[in-house]
Amino acid sequence: MTDIEPSPEEVEVLRQQLGDEAEEMGYHLNPDIGFTRNLVRGLLLNEGRYGYHSCPCRLASGERDDDLDIICPCDYRDQDLNDYAACYCALYVSDEVLSGERDLSPVPERRPSPDEREKTVKGFSAPAGESLSSLTYPVWRCKVCGYLAARDDPPGVCPICKAKAERFERFI
Amino acid sequence: MTDIEPSPEEVEVLRQQLGDEAEEMGYHLNPDIGFTRNLVRGLLLNEGRYGYHSCPCRLASGERDDDLDIICPCDYRDQDLNDYAACYCALYVSDEVLSGERDLSPVPERRPSPDEREKTVKGFSAPAGESLSSLTYPVWRCKVCGYLAARDDPPGVCPICKAKAERFERFI
Amino acid sequence: MTDIEPSPEEVEVLRQQLGDEAEEMGYHLNPDIGFTRNLVRGLLLNEGRYGYHSCPCRLASGERDDDLDIICPCDYRDQDLNDYAACYCALYVSDEVLSGERDLSPVPERRPSPDEREKTVKGFSAPAGESLSSLTYPVWRCKVCGYLAARDDPPGVCPICKAKAERFERFI
């Protein structure tokens, strides 16, 4: 397999797009721009190799189904940003890192081993006796896009698809 | 009733707005710009006729309550994009159509007949025995806007209203 | 305590940011720009005083935990916009106010008293007998960011983090 080297323009276009999407969620790309460009280059190389943006810091299997959890942003990014203020690669960082309040530190690998991934059944304990009728707010559903919001009344405009309040229905 | 012909500027402003909103959701307006302008013109004509953007490819009753499901984007758009890569009008198309991977094909009318619409009670079967305590993640609620997210911890920033993590409460 | 007067540039930057965020949710800043600048100045003064944007129209305690519900946007904004077409300060207004269909009127204080805030346990009555298996749509969860949508199939792209449909799992 011969890797196709992405052009600086391709790297820059993707870096901009990922940066914009991160900012909308309250995250940031790593401000070390050389470091970030290198990771974005890795995403593009993986796209050429496998057909998808698998994580540049992990070894992909090349089987899409087995790699789904490490297509960037990976299933572990948000949790790592929460616990370590950065994702495993340090491509994404939190406010605290950007403002200098917190230093980057190594992020341990959170991805389960292949065996564990297969048998993992996530579970958490809801408070005992909790049922739909014990919820504190009704849940409204946008009939256009399926957006859910828990509040006394539906939002005036769906924040996702911009449908008006009249397009919401009581869901729970 | 005399229709008020919208100006080319009005058509263009609405086309831009609908296009921006579609892109944010991962959809696209039909790239045939003449075709798309004609549909947007239809939306503006319907606004003049009825007071709302009813679907340009369906006959509206003129009673807002009866037409709610076909105010564009209609209640059927997302499902049609999923199944046919385009909405009923082909105003909205999916990535696959834009990239040429998939050709447009006629989209059958999914809207129930007036009689069926009245009696329709949607239902689906949740896996037997499912209850709140069997969910795989806790659900967090933004106290400012009602946004819900199912994850180990609340997001750092509400993606809808930008409130910080401290404004989230455990909902389920 | 000596207040630090924010510069007109700081006021303008925050006003623009809050305006953009409001528009995305279908709200607007008060079109009286002098009035709005004064409220935004109040937010910046409170940031200097307390370290957070507490509501410029309410007296903050200075204890972050006690003031969380009145950090702007406050927990009461959306409900007030729904009922009175404006928030308590009239910093945020609805479409109807912007278009002149509705005049601004005083918005009564909805915030409970300190005693009431402590003992408040929100509750609402779900329809009797409602359970997860009586919901009208399945709920899909984005494995990357936790976004939830109630619809027949997952969205093509997560509207929050842009992950593709394949990253969604059935949640309910």
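In this document, chain identifiers A, B and C correspond to the written order of the chains, with residue numbering beginning at 1 in each.
One rule holds in what follows: a contact is a pair of C-beta atoms (placed from the backbone, for glycine too) under 8 Å apart; a residue touches a chain by one contact, two chains touch by 3 or more.
In UniProt terms, the chains line up like this: A, B, C = ferredoxin:thioredoxin reductase.
This is a predicted model, so every value here is computed, not measured.
Q: Suppose a student superposes the Cα atoms of chain A on chain B; what rotation angle should they report, nearest 5 degrees?
A: 120
Q: Compare the two sides of the chain B and chain C interface and say whether they are made mostly of the same residue numbers, over half shared, or of different ones.
A: different
Q: Distance from the CA centroid of chain B to that of chain C, rounded to the nearest Å?
A: 23
Q: Counting only residues that touch at least two other chains, what does the list for chain B look like?
A: Expected reply: 25, 78, 131-132, 135-137, 145-146, 148, 151, 155, 159-160, 162.
Q: How about chain A: which of its residues touch chain C in the complex?
A: 21, 25, 68-69, 71, 73-75, 77-78, 131-138, 141, 145-148, 151-153, 155-157, 159-160, 162, 171-172
Q: If we count contacts the way the header does, which residues on chain C are in touch with chain A in the complex?
A: Residue list for chain C touching chain A: 24-27, 78-79, 81-82, 94-95, 121-126, 128, 130-132, 135-137, 139-140, 143-146, 148-151, 155, 159-163, 166-167.
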